[in-house]
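As written, the chain order gives the labels A, B, C, D and E, with residue 1 at the start of each chain.
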Amino acid sequence: MHAPAPTSAVPAVRFAGVARHFGAVRAVDGVDLSIAPGEFFAMLGPSGSGKTTCLRLIAGFEQPDAGHIEIFGETVEGLPPYRRPVNTVFQDYALFPHLSVGENVAYGLKVRGVARAEREKLAREALALVKLAGLEARRPAQLSGGQRQRVALARALVVRPKVLLLDEPLGALDLKLREEMQVELKSLQRALGLSFVFVTHDQGEALSMADRVAVFNEGRIVQVGPPETVYERPANRFVAAFVGAANVIEPDMAVALGAASGLYSLRPEKIALLAPGVPAPDGAAAIEASVVDVSYQGAVRRLAVRTTAGVALTAAVPASHRAPASGDSVRLAIPLGALMPMEAET
Amino acid sequence: MSLATFDLPSPREGALRRFSDLLLRRGHLIVLLLLAPPLIWLGLVYLGSLFVFLGQSIFSIDEFSGTIVREPTTATLLELFRPANFDILMRTVGIATAVTLLCAVIAFPIAYYAARYAGPRAKAAFYLAVMMPLWSSYLVKVYGWKLLLAKEGAISWFAGRLGLDGALDAWLSLPLVGGPSLSVSYTGMVLTFTYLWLPFMILPVQAALERVPASLIEAAGDLGAGPGYTFRSVILPLAMPGVVAGAVFTFSLTLGDYIVPQIIGTSALVLGQAVYTLQGTAGNIPLAAAFSLVPILVMALFLTLAKRTGAFDAM
Amino acid sequence: MNRPSLGLKIAALGGLAFLHVPLLFILLYAFTTEEKSYAFPPPGYTLKWFGVVWGRADIWAAVGLSLKVATIATLIALVLGTLAAGALARAKFFGREPISLLFVLPIALPGIVTGIALRQAFGLMEIPFSFWTIVLGHATFCIVVVYNNAVARLRRLSPSLIEASMDLGADAFQTFRLVVLPNIGTALLAGGMLAFALSFDEVIVTTFTAGQQSTLPIWMLSELIRPRQRPVTNVVAVLVILVTFLPILAAYYLTREGGQARGAAGTGK
Amino acid sequence: AELKELGKGEGQVDIVAWAGYIERGETDKAYDWVTDFETKSGCKVNVKTAGTSDEMVALMNEGGFDLVTASGDASLRLIAGKKVAPINTKLIPSWGSVDDRLQSAPWHTVNGVHYGVPYQWGSNVLMYNTEAFKGEAPKSWNVVFEEQTLPDGKSNKGRIQAFDGPIYIADAALYLMAHKPELGIKDPYELTEAQYKAALDLLRQQRKIVQRYWHDAMIQVDDFTNEGVVASSSWPFQVNLLVSQKKPIASTIPAEGATGWADTTMMHVDAAHPNCAYMWMEHSIAPKVQGDLAAWFGSVPAVPAACKGSDLLGAEGCATNGAGNFEKTHFWRTPVAKCATQAEGCVPYYRWVSDYIAVLGGR
Amino acid sequence: MHAPAPTSAVPAVRFAGVARHFGAVRAVDGVDLSIAPGEFFAMLGPSGSGKTTCLRLIAGFEQPDAGHIEIFGETVEGLPPYRRPVNTVFQDYALFPHLSVGENVAYGLKVRGVARAEREKLAREALALVKLAGLEARRPAQLSGGQRQRVALARALVVRPKVLLLDEPLGALDLKLREEMQVELKSLQRALGLSFVFVTHDQGEALSMADRVAVFNEGRIVQVGPPETVYERPANRFVAAFVGAANVIEPDMAVALGAASGLYSLRPEKIALLAPGVPAPDGAAAIEASVVDVSYQGAVRRLAVRTTAGVALTAAVPASHRAPASGDSVRLAIPLGALMPMEAET
């Protein structure tokens, strides 16, 4: 069920059966993963599913209760954070409030004994990289959220980590800023060629940025693969619902639509509205339904419908179409090719 | 649904509610009303008393009868600069500084442990352990220390048992800090003060440390800083407001104490004793007032510093 | 990372030992048979001082006076400190800084200065020494501990709680009673405890404002320079520790609970 | 205004007194000379203890008290400051029983007017450790003034104490009076500039060997017990206490003589309770009170009859407490500029205060 | 330029020339608006544009420096918050931490002197309304974010406001929860028939929930109207960019495409990819461009392209299409009917 990791001699990060429990809470509960050098790896999942704990295990803030962690082929058991070639961009940024922006960025260099002039130069360059040139003298408190985020990024990048860990770095930003930062982060990652391990619970973010996405649930990875695979071929009911709110087609309905018996996912945007009297296109089944709710989303309208068989479905239709209203009867076309089989449930 | 049908009563109208309207309409009024009673107390009663007292530093005293001569003069203030008096000031500030530093050094690990590593139960135990000495009589503790520090006292006794009496004697033979025994040395006095005021340092330092987000310490580690460097570069600077807040206590309490130096130390006067002697014993209020100006200036300096580090929030 | 280093453990425990070993000596000397001085080690042990303490009216009178003074001074400090905190926690106005400095002044200035100043003022205004002159002196330096606790808590209190209350129909006074007070209650309790402890044990300021009255510390002072029965002071000190043990613990748990509830007004994540 | 006639008691009397001077049996039931008085007179006794003479002066200057048990170094200041009232001895029936030598003592009698009723007196004896001195009483105060090897073979450095009060300058003067007659000191409380300077020099030299200046009698007792102190100017009180604890302690009055204190009960000019005050003064010289107090405090009664009147004091009590030392004792007095024995005038007390502070500070 | 408010005898809320300045900051800078009874009114705009200040002016936490505010026809100048028939759901919920959930909800009743039994009953009903029956005894700290949000809602509703003000009530929730709450809030508003004034900076939220949307910028309302109008016919460059990130077509490009000279907006999803050699459909212009960036968004792929004339455009194409890669040359079809004229700029 897990897509194979991109081949590479030595993975940047490798987990083998890693578990971390807090009392009765199984925060991380047997995770295997392998992140390639230069890969943008997103961890997606609901709150409490173990994403942060995984990141902290890589960074060295937590020690695994079971299993094995390697970074670039080296076992890191017992290695304190300050001896690991990874750096973290914290969710709350964790900028040092008593240091200026420049000093924050230069901190990791100072620790390493880089001379003052040299580290100031490197810090300036790092700040220029994240488009904050000239703000060296400010205090973190004098920055906006997006600026802080970028300082945190510069601070982590300046020490040239082999792997950069980012824990919901955009969570505190507002939508516009978040979108801008997504683009910046992605291009930075490409330019530097680093491995990024990026935690988020925003599926749009994960899909648009990552090379591969791991979906977490209850301390386990329930699917891992490129964004297209995870979105279009969710492995199971959980992924289908969590990533993009797909419809789940139960076996009996699948049979009714003319497909083989089995569990399928069906993306709302694959369902089309049929004009009255128009037959369903080839390879598509037509079904009758009544509209329960319509919601305008700009580019699309989201229709909540109920089939005559009583099944609730969601369809997303282009907003430019004449919109049915709540209570209207509609005919829907469901392309059988859009039914994506999922893991059978036990 | 009865939510919709229930007839919601309007709140009772009363004088208080109308007064509340007035307060909200005039935002300054509420601040004024809140401020008035404490301001009257502290601004009028307390500051007034201070001025009455300190103002007398411009008077002098009739040499024989000990009554105050109410004619302005700088003579009394200039007396502070007589070598014997100036010694007292320097000595006292020196002792207060030593006490403050020692308090900070001893308090820090306790506060740090309690803030960072103690679980809920251990935290409660720490709290009790700090509060209990605060609740046990200051005077009994002072007399207790006299006993501990005595030549034949518990500390020498233990030093003897541990084979450290050589070290103790060596320490006592040092010029400034030494003396015939701990109880009649500056070392003994500083130790006693440190003991007495330690809880006043631990509490604010712990409060300050608890406000340092764990993620900052992790961030330092993440950027390559080992525990020692993290401590120096992150934890200590961020706990500084707490240390300064604690130092306000330790400094001021040491500057003003006259009981400890009467019992422990070298017999050389400190400021509190000088003020006490001058006011109570010698009846020389003008000189007492002049002496009192010194801790006020010292503390003013201190408070300016404290304000700058944000220490007031940590007290 | 999650474990304290050995050095830290030793330093912390060593510090605590430094804080407590002398208390053990105080305890020890509550049982000594030697009554005229503190010979070390004590020649013998006895319980008789507890009986002596029980029988001595002057102790109980001093304890009573100290309790009364500390209670009233703490109450005054609670009222004035809370008012001051309410005015200064958020408001910005000209003179705010000097005023907040004024509130910390009595604790920042040595007690002897406070004491003599008040004594001079009493003398000048021909106010005779009384219970109230002691209370006045104590309340003056107690205000600041309440003020500090209350101001810190008020600053952490989300201002939207107060707006929410008014939004729901409560006027300023209802809001204070139903929202503000319960939320700063534990901070006031902590401040009040510290204020009480400071007042209950204050010698220096009291010396100047008590006239002939004997609070517990003043009694102790005269007892300690007295020729006989010195262990009695140790017994009293030990009793005070024992009696205050539970209230301190209770206050701790109460304030801690407040600390947890504080987060609730925050964000939903 | 001198009281002419005793009226009814006002119900209370407020007294500033030395610690241990006015006992109501709280510490030891046997030592109680207040309860009786209160029932008899209906005057409740309130006591404010003071630690030093100077504190007493300050308290009286402030007011609010009826009586004070002032030592000689305070009494004249009180009189000069017009804080105490002349005493009408006619209203004190037992006045005649007071030791003749004290009745008109110069520290409470000015121009023939009495400002108080003598209470107790004592000498500042040389207390010493008999083991350190091999059982032989030191003959001179030099054991506390000059660095030397004591009979036990060890130096006196760091093993002696001196009194923590400016009046101790008189002890130095007394020593110089015997050892440097060329200075011309006639009275240790009346020092010319040159004599005064010599006394200070002696004290500065003493500073180097003093372990600590004693202030609190009980602390001094502790210091002789725990701190290895072997000699000091002291009071009979500490001696008696240490002897009763079986410590190897004795006292002596060396050849130079000694300073001492003689305390007088004085009444405030604005006393709110003059009738009770007079009743107390009368009570205070009752032989039993005097004897009990002498036993308690280690002092000598102002009333010779008391030496026989108290079981607590016992037959030898007065002798033990130094009753025989009267002639050798130079009682504390406040030094004044205009003095009787030196034509050029003397150094007044306020300078004693600041200079002694300097000596203590090592200046 | 502003769409007229729905006609109604007395508006629920009316602003006439309202301004509120903080020192030099013109937080609200001359706002006119009129909200009808029963209307779901959304305020959309970037951070700092004055939305919260407008809400606080209605609630009575701020007083206007200029202009005039009416609630149901009554002037509210000088009226303290507790005398206004409006209630607020705060962004941080502002639940009283020292009170139980039940007591929180009953708070407004308590200050009105409602008897205990009665107010407990009403609080229970209000909690049932927001689907939290049975949680009366919990403390706010023991609730999840979504639950807290609903308690805040119940607490405001139980005192039966005539207007409910909601300041980014869903801002702190994660995506899944936010979508659920959007549906619940909307249906509650419909059921109760109250006016909702809803502040958000999430355009999707504003579009899908509101009857009308007011777009704020720098203390002013720059467009107000139904969601479709605001999305499809943005009035100016700011709205076009802020709501759904439309392309702005400058006059010279418009002429080049064959439309009249003028400023237009163009939604990314209106731009179609043309297969090589296929001509543009009727009424559409074809242009050549090269792909700068492709980002996968699940249902669509977002292409950043640059035309041969050097104009940057964004196109959103269905993800099922064969995706061009960065650097590819593409042909795009732009339907002229999709060019929406905007206000001329001065």
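Just so it is clear, contacts are C-beta pairs under 8 Å (C-beta built on N, C-alpha and C of every residue); 3 or more make two chains touch, one makes a residue touch a chain.
Protein names from UniProt, one per chain: A, E = ABC transporter ATP-binding protein; B = Spermidine/putrescine ABC transporter permease; C = ABC transporter permease.
Please read all numbers here as calculations on a predicted model, not as lab measurements.
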Report task. Mind naming the chain pair that shares the most C-beta pairs in contact? Result -> B-C
Requested in this report: If we define chain centres by averaging CA atoms, which chain lands farthest from chain A? Would you check?
Outcome: D
Report summary line: Between the Cα centroids of chain B and chain C (ABC transporter permease) the separation in whole angstrom comes to 14
Report task. Can you check how far apart chain A and chain B are, centre to centre, with Cα atoms defining each centre and the answer in Å? Result -> 53
Query raised in the report: How many angstrom between the C-alpha centroids of chain D and chain B?
Result: 38
Report task. Could you please state the distance in Å, as a whole number, between where the Cα atoms of chain A are centred and where those of chain E are centred? Result -> 25
Query raised in the report: Hey, what residues on chain D touch two or more of the other chains?
Result: 216, 222, 225-226
Requested in this report: Check each residue of chain E and list the ones that touch at least two other chains.
Outcome: 80, 82, 111-112, 159, 174
Query raised in the report: Considering chain C (ABC transporter permease) alone, which of its residues make contact with at least two other chains?
Result: 1, 38, 40, 166, 169, 171, 224, 230, 269
Report task. Enumerate the contact residues on chain E facing chain A in the complex. Result -> 46-47, 174-176, 179, 183, 186, 201-204, 207-209, 227-228, 231-232, 242-245, 267-269, 293, 295-300, 302, 316, 318-320
Requested in this report: State the interface residues of chain D toward chain C (ABC transporter permease) in the complex, per the touch definition above.
Outcome: 14, 19-20, 26-28, 46-49, 51, 62, 64, 216-218, 221-222, 225-226, 237, 241, 244-245, 296
Query raised in the report: Can you list the chain E residues touching chain C (ABC transporter permease) in their complex?
Result: 59-61, 80-82, 86-88, 90-99, 107-108, 110-112, 139-141, 144-146, 148-149, 155-156, 159, 172-174
Report task. Name, in rising order, each residue of chain C (ABC transporter permease) that touches chain D in their complex. Result -> 34, 36-40, 56-58, 123, 128-129, 211-212, 222, 224-230
Requested in this report: Would you tell me which residues of chain B are touching chain A in their complex?
Outcome: 213, 215-216, 218-226, 229, 233-234, 237-238
